[in-house]
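Just dropping this structure here.
By written order: A, B, C and D. Residues from 1 in each chain.
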């Protein structure tokens, strides 16, 4: 889960109110989405997902062999690797040891590995050596730990996502080779899921790392087996991360008029934001910290830095909110005679989720014995936290229960090593393998996924166009 | 005295610390003025003002007749007119009755009167009908009352300035006509001395009302007979009056995001100013009020207005201070999504005072029996409060003691009608008549006044050029 | 409708988003109300309101005579009186002429009138002279006009509420006397519905004016015939009106340190509120204006005043919000060396509405030909805007369509005089008469009303107790 | 020099405007000091300091031997030690190596050394083993380096103060022993002169480390040989250092109302101070930085810290300024629902300087060949930066030119090792030795010093009492 506090793993902080299944959180959004949701309903009905899922999850010996191989890999080697990474946590963009372990394993299983893709030292791509044309089956791995008050720890179980994804990737790759089934397996090692900046997946996507993938699967820890509804959305509002750096001129306190005070500037950035909170729709969440606030009380501070997370339920109005915050910074510089540099360093936006993948995964998770199952679909959301990849490539995030504790807790970290963790992680791996198997072996499933994805993508554009019309900027006349 | 509180005539507010004779109040100004002051000293020495004054104030029968006539006019008619205006106070720009009384009197004494000059309904120019070429002798009258908590009142004795000036003007005009001495007498009725905006004298000056005057005299109430040193300066810092009007967009409180809040804007104007107080030299004085702050608590305010007096010891750095305040307003608008109109509605700046006039007047005041005499010259300052006229035309403000109370008090108002008031006002009139007489009848005096004025004006330009170099704006590098 | 903008009758300001029928607007409230709503449902079912209404609205000759008499009074005299008041608008607490007209009429129809009750010069109580024991039937009249940019106007049709209520009161009183049916009729003249402070009805209630009433009816203009659901709520959040007056010490701008700046204090009141907006639940609405912001820019302001409307969906958390605002004021005074007076001058809170009255009224309105009927019940809310009276006495606000325009518009004012207005007002009067008739003549109806009211009141207390538990104040440890 | 910027040794920052000799910087102070200065003048005249100095600096063989010994110690050993410490800079409170070197040397020269006095690990007292009763002759050493952008460096030449003081102490101690002259020599090692907190000398003084000293001498680098006038004062205003720590409650950004924001609190500390800048006399200097400003933008910051230097020309009004700042912090906590801890961690106040010591030292410096001599006495100020020791014990800070560069520069650091540095440091040592010699051997000199010190101390108390009366707090009436 992205954009969660990096330093204070208090469970209490993360127990957000449960969200309804509809991604539209405001009256304006619901109004704008009305027609789109009708069309989405028609699209979904036309796909007969329940029928498709029933057919795919029926008896299939070949698939069962792949599942068995996946389970075997987990039990014999990869749960041990998961435990090892769990007990050697490394925070985002510093996951050197974890990447070494994961890529060593992949190399041993006939993958070509390229480390440092997308300009990120701990990002990698692993391509199966005997890949055989399309479809291209992608698997995303993660491995960064959380920062806690007692040091790094795997309270979000990213430690397991590498081994889980590798189990599915190896089992499916072996099957394709063995049976000469056309298809390719590519594994993506994506660092720093908890960190922004940079948004690793977005940066990798912009560097064309994911290009060509026809489907991507990934797992994530949860304390209840669940899946999203189809549509577009995100767990925790659309987010822009922004850094504001002010420069002034230093001077001794005794003659402060010979300087320009960058601390006053950054303080007024906050004041200016506070001044317009009531002029911004109340669903917005704008919060910042001061990273640098001056160095000596008797010298006029000539450099200060603030870091903000700016959130809104949709990215259209979010742009207006960001403009308010940017103007707050520009106004702070103007008023104080300082200069400001504005850096929008990262975005987490609505992604797209497909029922063809989510419902199939959900059925398999139950089939493979997942526990604490929530039958009602959750809110639509993409399979990765940035929204950027899932808007271009269909996919699914597989979430079988692997802990009894909430995310981002020491308790969930502990469950990395317990039977409930091992069981859930194995179900995740099996489910990912089953989906990829079906996708490789059933052309009509590929067609259905593509049809749904293309349809949702078009509806998403329609929805955003409707939102753009809904958010008028008030007219301000010239003062007289 | 300009720029004093309009509404609260509490003596306690106005008892400012006595100011030293030097106009330069800051180390920077004193440094910039160093060479200029040396040259000024040389200029003054070259004029031998004491010798000139001794000669002019010596026995002169013609002058004494003019003085006697002045006194007679005061005693028989004009002190009564002064009492009448004192007991019928009218605040600035509403002095209709006072102007009627004064111009009636002037018309009866052969003056042509034009009311409404400079676009100001209660401003006037009265020109003696038998004027006879140059020199042109100007007399400024004032007549606006103060606003007090009990209503308008003449706590600054402007009520007397009309009759005093008229006495001198009539006596001198009669003399010139009678003796066929070349010369003209022009009386300027200037309203609203206490008020800004507009600065009446500046507006009249820009409308060329004072053009052609070779000397201008005027009186003002004080509680100690005094005169300024020669040079440039002002009583109470250079001032810019500025009004900031913000417009937003109205909205109901329940949906405030449909509006833009002009009250938040004006509040941030104040906040932004406060934020840079420490970045502005400490001699600055910036203070404002909120004239309009919204109309109903459940409607987003869409119009607010603030009024500021911005002061600094010199007008060069004052421009930097004004720029800070203007930027504070622009930044407030930028941050709140509102618009701002900036109106610099008035200025009171350094004027020029000449020893040739001030010292002559001082000698005459003592000769005519002025009381409570302060021998040390006061700070240099022009003969009128705006600085604009006294920079272009030589002149003097005559200030014989006319009260025992401080300016802007009910006690000074009462002294309008007592012997101490009547005595001082008569001395003022006599002194003004004597100066004008000397100016009209002594070409060498005119030459000396002109030489001093031209010299001081050149030095003032030199001083301001030096100040401009002294006030660097700190360099602010781009943030990295 | 209370708490609407007093000065800017722009229709656009008042077209708030339609509210759902449930009074609980936040997840916290819905959670707190869960059990209460179940019990409320059981209570309502136990009353069989539909059956009761069907029985009461069935054929009844005596009632029909009362209705006919009501209609006759309207047509012959009271619509004319309504037109007269509509065309002689008087704003709140200045309704002398309107009160004279209304009380003259009441006196002519055998009511004893006491003007000036509750300490309000334009409030009155009119008691029928031949009243005969209980039940006590109350009728509330209103008569204050809106303030518009073109002057006072009856854009909320309060002008009609006096005649409408009187028609019902007189017709019912005549019937009771004629038939010797036990019962009393009391008419309450309540001024300044649009104004706060004071809340006239609350002040009158605290002065025991409404004591003893068993039921109270009142009408109000709308553009759609409707009625509230049973329960507790209010149209537009619970409101506290609060005024903050700061005193400082005056000083001249040149020596501002001899003063204490009350304008800085009031500005920091706003800043302090803005600083905690993100620490307050986002459903809160806090907005203020500056009523007094200093008098002269060169005098340190020594008195300033701000006026706020503080709103939240429920009154329990509202108290926390008010405490934030009060602390913002105290902190502003502390920081600036000034003093503050806090005046919570008025409250509009959740009221209680009863289905036994609302549904009976709704059925009668339809029976009497009301137009533009909305079948779904609206949000629960008391019969008067303050919430104070409706919490202690059952009652109903009768709202047949009397205009095609929204409330608070010039168009609705115009409809005071058109057939659509006259028709709706007559239906209102008939319906009020019918309800009072039924209440006086059907003991089982009185019992049902009382049972419902007592039940709802107890559930309201239970709901508020649950809310109190839900709103924890965060624990703040001592700094180290 | 205290309270200078710790981190940015840009010469430009430190070139403050030259200060006049009078310690009274404001009209209020000059008014309060008027009588005191007259009495001070009388006191000084009664001492005939010029006569005393002439007598003491006349031919004296015994003294000359001590001076020669001092010079010899410098040349043979102690300049080398100074060079060594100069090239091994250690910042305040971390001067372990420097202290080791200095105390080793003292031990080798028969001093008993106690390290860690006053609770400060790098503070020490060294007592000569053969001390012989009173008078007690104290020598203060310093040794902390500056923090520069390129690391620690001795740009204020504290590296030399240890060797310089030791040379004088050893030479005098040897003389007293040799000649059996009564007297004791005590050396005080005082760390962290540049640092606050803690004020090392004040802390040591409160721990009674300096108790019993009859005179204390110390040296300090300058680029012009000079001495202070007698009286009370300080170089750079009286200073209070204050730290404000706020605690709030953490919460996720999505539900910020469950937290209390300590960053908003610290921001409002700054805003509150800015709001009263115009209500504080303009000679005040208040400046702060934010040391901790939150840790993650998506968590409500629950701890923030600000650090301030609060300055005013005198400590009486300084207390009012500090109260403003403390109230700003209290108000910030009150408004934001947070808590604040206020820590006044250090003070630098006016000290007392005696002409009997300063003029004697000045005469000796010239006699020993000091260069770039400024004949006019400087502003009065104590011999150490905190003001606390010099208020209780007479003494002098010896300042012969030891560099051509301003204090706190890399150039001054370089001069530690050049002839100009070595020359000045040797003159310092010789002068200190000569003063101590005279103090030990001339009872009438001791009497004069004591008489002057006691007189000045009494006058200082009188001056502060006068200031207390001068600084009225404005009266603020209750708001109505």
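Methods note: a contact is a pair of C-beta atoms (placed from the backbone, for glycine too) under 8 Å apart; a residue touches a chain by one contact, two chains touch by 3 or more.
Keep in mind it's a predicted model, so treat the numbers as computed, not measured.
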| item | value |
| --- | --- |
| Which of A-C and A-D has more C-beta pairs touching across its chains | A-D |
| Furthest chain, CA centroid comparison against subunit B | A |
| Rounded Å distance between subunit A and subunit B, as computed from the means of their C-alpha atoms | 70 |
| Whole-Å gap separating subunit A and subunit D, where each centre is the average of the chain's CA atoms | 57 |
| Subunit A-subunit C separation of Cα centroids, rounded to whole Å | 50 |
| Overlap residues in subunit A, where contacts from two or more other chains coincide | 17, 251, 256, 264, 267, 271, 274-275, 278, 282, 285, 287, 300 |
| Chain contact topology (line, ring, star, complete or other) | complete |
| Subunit A contact footprint on subunit C (complex, rising order) | 17, 27, 271, 274-275, 277-278, 282-283, 285-287 |
| Subunit D-touching residues of subunit A, taken from the complex the two chains share | 3-8, 10, 13-14, 16-17, 236-237, 241, 250-256, 263-264, 267, 270-271, 274, 285, 287-301, 306-309, 311 |
| Subunit B residues touching subunit A - in the complex, by the definition given at the top | 245-249, 251, 256-261, 264, 267-268, 271-272, 275-276, 278-282, 300, 303, 324, 327-328, 330-332, 334-341, 473-480 |
